[in-house]
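For clarity, chains are labelled A, B, C and D in written order, and residue numbers in each chain start from 1.
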Amino acid sequence: MDLTKEQLSEIEALRAQSSLTKRACAPQLEEILYEPFPVLDHGFIRVIDYMGDDAAVVQAARVSYGKGTKKVQSDAGLINYLLRHRHTTPFEMCEIKFHVKMPIFVARQWIRHRTANVNEYSARYSIMDKEFYIPAPGQLAAQSQSNRQGRGDVLQGDEAAEVLAMLKQDAETCYSHYEQMLNADADENVLDDSREGLARELARMNLTLNTYTQWYWKIDLHNFMHFLSLRADSHAQYEIRVYAEVMLDMLKKWMPHTYEAFSQYRIGGVHLSAKGADVVRRMLGGEKVTAEESGMSAREYREMLATLNVST
Amino acid sequence: MDLTKEQLSEIEALRAQSSLTKRACAPQLEEILYEPFPVLDHGFIRVIDYMGDDAAVVQAARVSYGKGTKKVQSDAGLINYLLRHRHTTPFEMCEIKFHVKMPIFVARQWIRHRTANVNEYSARYSIMDKEFYIPAPGQLAAQSQSNRQGRGDVLQGDEAAEVLAMLKQDAETCYSHYEQMLNADADENVLDDSREGLARELARMNLTLNTYTQWYWKIDLHNFMHFLSLRADSHAQYEIRVYAEVMLDMLKKWMPHTYEAFSQYRIGGVHLSAKGADVVRRMLGGEKVTAEESGMSAREYREMLATLNVST
Amino acid sequence: MDLTKEQLSEIEALRAQSSLTKRACAPQLEEILYEPFPVLDHGFIRVIDYMGDDAAVVQAARVSYGKGTKKVQSDAGLINYLLRHRHTTPFEMCEIKFHVKMPIFVARQWIRHRTANVNEYSARYSIMDKEFYIPAPGQLAAQSQSNRQGRGDVLQGDEAAEVLAMLKQDAETCYSHYEQMLNADADENVLDDSREGLARELARMNLTLNTYTQWYWKIDLHNFMHFLSLRADSHAQYEIRVYAEVMLDMLKKWMPHTYEAFSQYRIGGVHLSAKGADVVRRMLGGEKVTAEESGMSAREYREMLATLNVST
Amino acid sequence: MDLTKEQLSEIEALRAQSSLTKRACAPQLEEILYEPFPVLDHGFIRVIDYMGDDAAVVQAARVSYGKGTKKVQSDAGLINYLLRHRHTTPFEMCEIKFHVKMPIFVARQWIRHRTANVNEYSARYSIMDKEFYIPAPGQLAAQSQSNRQGRGDVLQGDEAAEVLAMLKQDAETCYSHYEQMLNADADENVLDDSREGLARELARMNLTLNTYTQWYWKIDLHNFMHFLSLRADSHAQYEIRVYAEVMLDMLKKWMPHTYEAFSQYRIGGVHLSAKGADVVRRMLGGEKVTAEESGMSAREYREMLATLNVST
């Protein structure tokens, strides 16, 4: 994580300030506000602002239910109920804003979540910093043989060394040519007065996809949990999952009850198809059900049994 | 504006609380937080929460522009620039949440703005309050003869009196039958133990469209300004415009610089079509341009001249 | 279902036309294009246009998977895979447009699905037709005692008769006063030349919520299935569910493979929470698990066992 | 534009097919359906499907206006009216779907338009093709001195030659190392049986941002026009503008009346701020107004006079 002195002192100043507010506050999240949490080799994520807390979810739900919820339930109970029954609108009433620094290929996955607001560093307007993601040796995974979009074993020996060398070398070379084309360095110092320098919006195309970019990213709590359920999942690519995992901790500090409900009903849940549910019903009734009798494809059947710890 | 004792004491408690926060604060908006502002005969609007201030817009823009904006401009200047050039994303980085009470026919217009979050009081779940909108005599306008969706002169005398009487009578009757169908009053007291009472989700269909409903409504600053530009406009129906006008004041307290820029570049601005711009260019060059020569329709031409204070 | 002669002959003309197109076609849906299907007492739904078919979903998925899907799977198999793994973007590549006529209180639920496009009949601009929804006697359900937003037994005898009488009477009276206020009937004939007539945008507030409105409604296939999974569900209010059920048949005609996958993986599926999945694993392993040991609330536990046909 | 033999014969087959449909058809657009239009050195854009035509916009508007529009206006007149008054919903009732191939840095700008549906080629799943964008010599522009995100003069001589050489060399080297890391070529042939090959999701990070990607992109007519108004504008980067210009022609074939209205009221229009409108009013009234008297900033004032062809 590489922050300039300037950035660090700005963060310190923000963290030192404090004002009185009548708004809902999340005390645990306040403690880490603005603070950068390192992710990957040069990335970070920090919470810039938030709106609402667990009680704000409850308050929004009570508007909908009117007099009906007066006596009924505790806050935690109501939050569980809402998540369990997919009553999503009260969770849309809270909002969180992050500052994230990540490699461009990660940003390209991330931006596919459209229900969020984004201000990204503009390489048309400014010069990109010289920072690239180079995987740690333990992350240099081979292509999975069984899953086209997955990873297999970690590469070893010469093959690993060569991959690392190429990644480093190519990123360096491309960046150094980027500066030459611009006729400027990252601090906007002109390199050679006799040349003009290529337009920034053009020169950027020479950078590699592991170059770091950064953005402000704001999202409501409902869509944030949807993002986390996809990106903190074991099928997500490691390089975005590590961001999601840090954000999962931030969710816990922001909204302890909602975090519990989310862990219980989303993250740890299991979805059965119609045929799958039928097989489980028959098994619980004492029947033995073979793959053929299940009506499911062999793969689906196998995956379901694995999920339910049933040996075949 | 009819708030129950319970609601009033809840509001008082919220307004009395205060916490320390490291977040951006908008001091003028803090002063009116939670406070209900009356609109129409029984409606209100109050700010429940907000995220960000003028500086947060600037901060988000500076992420995009990177090093490029270091020296350039004052905050107010940058906000003007952003609004003038329709750089909308920094304005999406702020958020505001309202509690609004309004007649159902107003809510039906309002909900057409889709980029917002809503929790509405549920008439499937709870019993609606006995509150209807009855226009003030000065608002009992006749149908406009020139504009199918506009108002003409205010009705007078008997016609006005009869309209008011019908509105009151029908709302009362429908509500009283609603209670009879439910076999319950607004406080959920059973009326007659020998009857079952119709399901709430059905009984509600007997209410008139001037019955009051309420909701929490949350929106980002960019979409909020879009809402205001349409609904605080003179072509908007009076009954929604009065809400927008109160919110315009709230915007001013929340974001003084953004409010100024919005007044200057959106609210007070004039849009010329390609042909209209051409006519203005010729006129400024000293030419006289007739309606025929303008290439515009007679109506468009007339409207443009009126906007530009040119007499024909 | 009340269509004017004019509308019926327009529909006939549209159904008689045919053009050659190079676009993907859905032959079964073509057969019912423009045709109104009656719903409730005066409502209808008809398909006005569509884009794509099952093959278009597959084609979009193959762009994403590139060379990888060449050999792999049949179209039906790929569609199953996509739905099972919640790969939603290929389903967003198809679109359908409906013309729907429904009571206003149904329209108010429907519009909460924001990811759709809507053009509704404007009561600011035009005079509403004299058509109200009056439930069939078999739908006059009492309020459920166990579920605040549900229905219990059907009302009988005098209570039922009185409810029906009130619904009819109030709708009639309110509409007749609406005409009086407007000083015009539904065909825009002036009633009394000596009066001005109240503005349409005001008079409409006197109508009851069972008055019929209509709109064009366009949605992509992914969001359409989300709508159907909520509104064709047994917890949805009967008056919107009957529309969803007709649309479910239309989906079947439009996209036979997608419809099958949707029935298998969404409609008929079962979701287990983390604790629920744990209980099922233990039961399948031969353990007896009591409610207390499950860690679930008594209600959740009971509901899960009922879903899985396990008697307690 | 590089299409494989396989793709070309698929396109030919699609263009040869034709079915009867009852749906609205756009005859001029049918003629170019599926046909790839070359953009930049290896890119293309082609229309894959569409829903609706000019008449469908009108039809949706007439639902809203009900009886009110019976006599009023021709289709073209109504479309002009709708665009002029920013009645956007009828334009949302039409939809178009494209297949686009473009450099990744262009795709990154493009994806910021969130109200669209996207299926992009997945570099996690498949191997990217060896195709990079190298600007034509006439597009090798220097950085603008006055506009941080603009272009100045075209680079000449040695500087131009060196830039081109670097762009070509770096893209080639990075791609060749990409293949080495993968231990596979673009056709998925293994290069060296003794090695495993890095996971695709990792190897892709070594590619440069001028590598071509492709996607299906679907959008409604309203948001399509918004995209065009920003991206066919002279301030847009050349490399995305050339795509927008081809799409502008496609819009003309699809929707001749809407295209005319769009040219008149959006593309060619001029927006005046409140102060700007005031200055124009005074000038048309015969006053001379200096920059100081205008209340505008010097830059705004200068820009406005230039737009209105007024010499200072």
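Note that a contact is a pair of C-beta atoms (placed from the backbone, for glycine too) under 8 Å apart; a residue touches a chain by one contact, two chains touch by 3 or more.
Everything numeric in this text was worked out from a predicted model, so none of it was measured.
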item: Shared interface partners, meaning chains that touch chain A and chain B; value: C, D
item: Result of counting contacting C-beta pairs for B-D and C-D, higher pair; value: C-D
item: Cα-centroid distance, chain B relative to chain D, in whole angstrom; value: 34
item: Centre distance in Å when chain B and chain C are each reduced to the mean of their C-alpha atoms; value: 29
item: Distance from chain D to chain C - Cα centre to Cα centre, in angstrom; value: 35
item: Touching two or more other chains - residue numbers and ranges from chain A; value: 65, 68, 118, 122, 125-126, 148
item: In the complex, chain D residues that touch chain A; value: 103-105, 108, 111-112, 114-115, 118, 122-126, 133, 135, 139-144, 148-153, 155, 159, 162-163, 166-167, 170-171, 173-174, 177, 180-182, 195-202, 204-210, 237
item: Complex contact set, residues of chain B against chain D; value: 65, 68, 77, 80, 84, 148, 263-265, 267-277, 280-281, 283-285, 297, 300, 307-310
item: In the complex with chain B, residue positions of chain A that touch it; value: 14-15, 17-25, 30, 33-34, 49-52, 56, 59-61, 63-68, 89-90, 92-93, 95, 97, 99, 117-122, 125-127, 187-188, 214-216, 218, 220
